[in-house]
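This is the structure I have questions about; it appears just below.
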Amino acid sequence: MKRLDRLSLGGLACLLVLVVFALGSLAGAGGDPDAIVGPRLRPPGPGWWLGTDNLGRSMLPRVMEGVGTTLLLSSIAVLVTAAVSATFGIIAGYRGGYLNELVMRLVEVLYSFPAIVLAILVAAVLGPGQVAALASIVLATIPLMTRLVRAAAVAVSQRDYVTSAVISGARLPRVLGRHVLPNVAGTIAVQGTYALSVGIAVEGGLSFLGFGVQPPQASLGVLIQRGGTYMIAAPWLILGPGVVLVVAILAINVVGDGLRDQLEPRETRSLT
Amino acid sequence: ATGTTTQPSTGPQAEVEPGYLAVADDALPSGGTLNLQVHIDSGAATGYDPQLADVATTWQLLSLAYETLVTVGPDFSVQPLLAEKWETPSPTEYVFHLREDVSFSNGRKMTADDVVGSFERLLASKSVWRGQLGAVKSVTKDGDHTVKVTLKEPYTPFLAALANVPAAVLPMKEINDKSVDPATTLLGTGPYVVKDHRQDVSWTFKRNEKYWAKGKPAADTLNITIAPEEAARVAALQNGSAALATLGNVDSAGMLAGAGDVKVVTQATTDFYYLMLNTKAPASKFADPKVRQAIAIALDQRQIADIALGGKGEPSAVTPAGLPGACDPAALPSASKGIDDAKRLLAEAGAQNLTFTLSIYSTQPAPAVAQVIQQNLQQAGITVKIEQMDEAGWSGKVYGKAPAEFDAALSWFAGYADPGMVTKWWNPEEAGFNVGFMTPDKELNALIDAAGKEPAGAAREKALAAVCAKADADAQMIPLVTRPATVAFRTDALSPSLYSTEGYGNVLRLVADARVKKSQ
Amino acid sequence: MSLLSVRNLVIDYAGTRALDGADLEVAHGEKVGLVGESGSGKSTLGSAVGRLLPRPARRGGGEVLVAGEPVFDLPPAGVRRLRRRHLGFVFQDPIGSLDPTMRVGAQLRLVLGRGADVNVHLERVRLDDPRVARAYPHQLSGGMAQRVAVAMAMATSPELLVADEPTAALDSQVREEVLNVVFALAADAGTSLLWLSHDLPAVARRCDRVAVMYGGRVVEHGPAREVLGKPAHPYTAALAGSAPAAAAHGARLEPVPGRPPVLTGPSPGCAFAPRCALAADRCHHERPDPVRVRDQEVLCHRAGEVTA
Amino acid sequence: MRLLMWWSGRALSSAATLLGVSVLIFAAVRLMPGGFAETVLGPFATAEQKAELATRYGLDQPVFMQYGHWLGTVAGGDFGISMISRQPVGAELLARLPVTAELSLLAVAVSVLAGVPLGVLTAVRARPGGGGAAGRLLSGLGVSVPEFVLGSLVVFVFSRYALGLEVGAWVPLTQDPARNLATMVLPAAVLSVFAVSVTARTTRDAVMGVLVEPYVTAAVGRGESPWFIVRHHILRNAAAPVVTLLGTITAYLLGGALIVEHVFNLPGVGSYIVQAVGRRDYAVVQAGVLLAAGVFIVMNVVIDLLVGVLDPRLGVTAGRRS
Amino acid sequence: MTGDTPGAEAILELDDVTVTFTAGPPLRRIRLDAMRHVSLSVAKGETLGLVGESGSGKTTTSRVALGLHRPTSGAVRFDGRPFPRRRRELAGRMQAVLQHPHWSLNPRMRVGQSVAEPLAVLGRPVGDLVTEMLGHVGLEESFAARYPHELSGGQRQRVSIARALVTRPDFIVFDEAVSALDVSVQVQILNLVKDLQAEYGFSALFISHDLGAVRYVADRIAVMRSGEVVETADTATFYTAPAHEYSQRLLEAL
């Protein structure tokens, strides 16, 4: 098994730190994220190490809670997306025919909706909240992933090793599970990281437009949205969550790239 | 209510003259273009018919083109506008003497027929404002320039109610011969006429050349840009593409600190936030008045004002704080009780582990207010779940069904210009919009009606105090804090006039006085 | 001075030694066949001539001289100049070697320079149909595509053409035509040819000299008919005896016994020793040095004792 | 002839997609809580007023009748009347389309002009194992900064400090092209940051895929310079996935435009749809989404054609391999 | 000309099989007969060589023989019966070694796993069979832990041969299975095929355009040309006295 490269390992370490951060919030470290602990809009200082927000709440536990909310929400959403896309993409790609046509048409319909409009509609229909945010992210990320998984599955299905497995008498689940899936896994992993960043962005966008997670719960999107209106008066409100968000997405992407390079060992060639 | 405040309130906004946050500099030349930005366009299926307008943003817009017989001054005194003067021969009779030099913007002179016709049209309409005018018995003209209104019974807020846009004088001749549809066309006696409008993008007004007041309006053109995103309005102020903008964030002053020529002022208003507790839902958690009283006690209005509104609001009773004659919120029965009383009341009602959902819309500062409420009530062992929706979803939930399905909801009332006016909304049969969640209280209704008849003075204040106390005990709609309006303008581009306190949510009330220093 | 001279070249891929001290000389105008089992390092050696190795390849030692210039020590621009002046390459996958998005004529023109007569060059590889120049590679048959590739490689009349199994992907009928074209063109231009192939009979028929590779080294090198007719290295002997086409019907061929080596570092002795019937003790521990047997140069401790 | 068949096939599947979108958006809009009546008429509206409004916009009929009627009028080019402005939706959309189109086109242009060279460069310089830490971080950074953050930041900074570009003062293109461009540059830049990253990445992947092709090795073997190989062999062969990506990016940009328009207060289609959703202005939401879907579908047809031209093996008109 | 039916019991019979491909957009489909009235049979224990130029329909014939493709018309019988509805019933009884060395192995599976797969499908224990099979095809035990991209083209094809042989099937299709191998390995594989055939008695359809290789392993030879079988004959007869004019031309090129 090849190891991830150093950059990806760094990204993984960042993600781990964030997860620990989020878990710490669950354990109550950093304090109650909803409690009003001090004066409004105070810069970082003892008692509120990342400053206080416009309701006099300490930002530290809020950022910690926000990381947890956002990571959890987007990860679950991406897992759902990956599961759905992999299932439909692989079956459509392998089977072809009318099934393929139907899946692709449905995907295209979803695809034709601008993601954020889709998210707004979902949030409006389901009522804002975590479920809506989750469903929005899933619906926003499914089309692209399904498409790419299907394309990859079509190519893989024509490979001789798949035919050989079929000749050996392997049943459909085995053919799809052992031969097609692992060979589109790279696509899924790469798209998954892409979807994860899209998910975080969609969550943020929804919060930005007022459809995100419910107060007083913090998510990175909510914090950044609120913080954005205090950019000058209280820059620490956006700085903390903003840095964390960028680091999180960056780390996810770096890990995704590394994962892809590992899953799809590619030879490179120099042009000189 | 109880609790400790974490930060002293910042106190009233500095005034430049009694009752004024800013006074336009008459020495400056008139003319020029005034660029404004507001957060929302007025948009209603009923169109621009002033009589049907029921939200402050629409009133504000229509006030540029329409005028009423009387208006309110900086101290909420009623002042002449289209009526030069008036007499009240008896508590039920009002005789208005109209200005003779007033024309509609199409050039036609305004007559007593327009005034009478407007009254009759309003009284025959479905307008909510009918209720605010009291019981009008008759409207007659007495010559071309005199109009007499007779009430069935004395009604003290009558003149204050006449000062708002729904009571504007409409061009009745044109409306009657159908040459003008007030739903789509703005044709009034006001300082400006519409030149262009793109829904949700912009309005352009130009001065009404036929305007009766000499030297007004000062600015030739008014561009109103609709910018829903606060950051965009802040940006426009900073780079000078807007000379004045309304802001939603109570901390905007900090945001604009250091942006050289921008001045941020907070206009106090009589509007106030209130909490609705739905007693009509099946198995309502709030059926027992003790539960509602406990909530009223546990709420810390001062903390809400200080934290959620950054010290810019004031605790209010049913009569809006800031209006002459309003009752003192500190004197309310719930204000003198403490958390332990609230807990005791809950225990008596058997509702120790009360949990309920508070439905709010996502526009700031509603979420901030809701979160402070949540913290307040937690002190009394009440768990509040906040459910945040877009405004449409929220109004569907709150007003869409009868009986309504929500537990509790947060909203605000425009406080108007007389302390008795808004108290009417505590009578659901009269208000209409709250029949779905509010159970009528006969005693309270009787007190409200009684206060309406009482002429101004100590007796009225007593009657109003009784209303306040009764509403406080009823606690189906619990007044919280007044709702400040934040206005920012560029001192290098504009010299505006602004009241310190506004009753009808009209930031643009004095825009005809505003002097443009330089045009962008 | 020979045109190509590979001296003790060592090439490692991550974890695998592909060349373990290979030596090869190609003189001007010479046709040299490079044969050997799969994995013996033919392609690696062929690519090393033009420094065309894939990224993971590392040179562990030795050198490659083309027209006297050390290929691995030249700056990038120098290598490019060397390739343009002296070298041509033809690869195994005929259609893949052509840019799929460009018409054949355009590709040739790109190599030949503006204003060159594409058709002349196509005719030289016996593609007379004018439609060929207007076709896209995927519209050609494998044989046609390979002839286009040959035309492109030979367009600049290189001094050395390295052909890495140019006919492996083609039908037996088409093979001959393509080879005929390659050899005819090379003869006309006086180009030396390094032909990597599995087809021993064809190599014997067409080449002047042949080099046999095993375990990353050239184990025998000499005139083609001599090497393949009277091998001096046990491996060559085994290889020559195992072409199916040579067998009479019903006869059983004996392939080289055992498995080809997989080297991770330098071979301690002779890489063939584990499979060699003649292997002596020192064959396992002592790397053989070249010895001359008849006209052949052989890497074998017991070279003299082989009888084909 | 073959082309004709291809077109009819595409037209059919596009129509199916549009139909699907129409059903979905129609259903979604009607499922949204908060009736049009409370929203459009306000809390004080009486039952009669609500009923009258419903009758006026045909909202009292059974849903499938409404759908059928809507579909019929849309097919006739009539997108209905906005409940808020009481103006035809089609005209308003048309008036707003240029803003969004300009924004998206600028953003696409930026992403291609910046993303493709970046991608090529990082691919050609890539080390074994993915490499190019700087390039990876850079392209990762682009996708990490959501446009609402970047947008707010840019709006703030550029309005606070005179940096030569205006924000919050949009001018129609027809009125003053130069000033219009000056006000559009920043929103387009914000919008394109994500797209640049994705383009760069896709380009890098595509180029790396091409780099190992035998014809590239052949070109290297002929002694061609890297720049020559990139220009003549790599760009076109790597173009197909990048061009295909543009379809995705368009869809993405339409969504992103919505937020950017909101932040920069540009009167485009995106902000129109957001406001309409907020007010349950059914006709506008339906028409807006249908328009976005239509643009997206047309864009993809164009891209398919383009890819066919770029890679003759995939082309509609290409002959079969025999 | 149609295929003769030898006296021995046939494992596979193609009876007047035609395969027509349709391609292209609707309404303007191109019809192409990849196989035209082909009749062939492979007796138990026999190796049938199938030769012909590129595109003559060899691979299509193999796909039909493997039950991967349903013929447009005509009948296919395996072991005397038509193909069962569920492939599973034939699991382990037929295998194939396919044309493309690059894609013949799942790049995500180690060599050992690939070779063991047909056993796993059958639920049979693996034991030392994998190592043994790898040894048979001339690969060290250590190869079991490698991934396909770590192998040369020849090594890869040996692995897929090991995989095909591991269940000791009744019938194996070799579609250009040795074309990509170097001669010495070719002989190894061909010998292996012959040895294992002698040992286990499987039948084989051996497809190649290399007449030398076919001659080495096949008992009978069928020649295809543009979808039709033009000649079927015993190997000895064929190489000494080809009947069809096309066969004669093929032999000349050898």
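We just call them A, B, C, D and E in the order they show up, numbering each chain from 1.
In this section, contacts are C-beta pairs under 8 Å (C-beta built on N, C-alpha and C of every residue); 3 or more make two chains touch, one makes a residue touch a chain.
Composition by chain, UniProt nomenclature: A, D = ABC transporter permease; C, E = ABC transporter ATP-binding protein.
Quick caveat: nothing in here was measured; it's all calculated off a predicted structure.
Enquirer: Moving only from a chain to one it touches, give the least number of moves from chain B to chain E.
Expert: 2
Enquirer: Determine, using the mean of C-alpha atoms as each chain's centre, which chain is farthest from chain E.
Expert: B
Enquirer: Quick one: name the chains whose C-beta contact count is the highest of any pair.
Expert: A-D
Enquirer: Using Cα averages as centroids, what's the distance between chain A (ABC transporter permease) and chain B in whole Å?
Expert: 44
Enquirer: For chain B and chain C, what's the span in angstrom between their mean Cα positions?
Expert: Result: the chain centres lie 91 Å from each other.
Enquirer: State, to the nearest whole Å, the distance from the C-alpha centre of chain C to the C-alpha centre of chain D (ABC transporter permease).
Expert: About 53 Å, centre to centre.
Enquirer: Quick check: how many Å separate the C-alpha centres of chain C and chain E?
Expert: Computed value for the inter-centroid distance: 30 Å.
Enquirer: At least two other chains touched by the same residue of chain A (ABC transporter permease): list those residues.
Expert: Touching at least two other chains: 124, 127, 228, 231-232, 267-269, 272.
Enquirer: Quick check on chain B: which residues sit in contact with 2+ other chains?
Expert: Residues 231, 389-390, 392-393 of chain B each touch two or more of the other chains.
Enquirer: Can you list the chain C residues in contact with two or more other chains?
Expert: In chain C, 54-56, 79-80 touch at least two other chains.
Enquirer: So in the complex, which bits of chain B are touching chain D (ABC transporter permease)?
Expert: Result: residues 43-47, 54-55, 126, 128, 184, 198-201, 225, 227-229, 231-239, 241-242, 259, 389-400, 432-433 of chain B touch chain D (ABC transporter permease).
Enquirer: Please output the residues of chain A (ABC transporter permease) touching chain E within their complex, sorted ascending.
Expert: Per the stated touch rule, the residues are 159-161, 163-171, 174, 178-179, 182-183, 185, 265.
Enquirer: What does chain A (ABC transporter permease) use to touch chain D (ABC transporter permease) in their complex?
Expert: Touching chain D (ABC transporter permease): residues 5, 7-8, 105-106, 108-109, 111-117, 120-122, 124-125, 127, 144, 194, 197, 200-201, 204-205, 208-209, 221, 224-225, 228, 231-232, 238, 242, 245-250, 253-254, 257-258, 260-261, 266-269, 271-272 of chain A (ABC transporter permease).
Enquirer: Per the contact definition, I'd like the list of chain E residues that touch chain A (ABC transporter permease) in the complex.
Expert: So the residues of chain E in touch with chain A (ABC transporter permease) come to 66, 68, 87-88, 90-96, 98-100, 103-109, 114, 117-118, 121-122, 149, 160, 163-164, 167.
Enquirer: Sort out for me which residues of chain A (ABC transporter permease) touch chain C in the complex.
Expert: 267-270, 272
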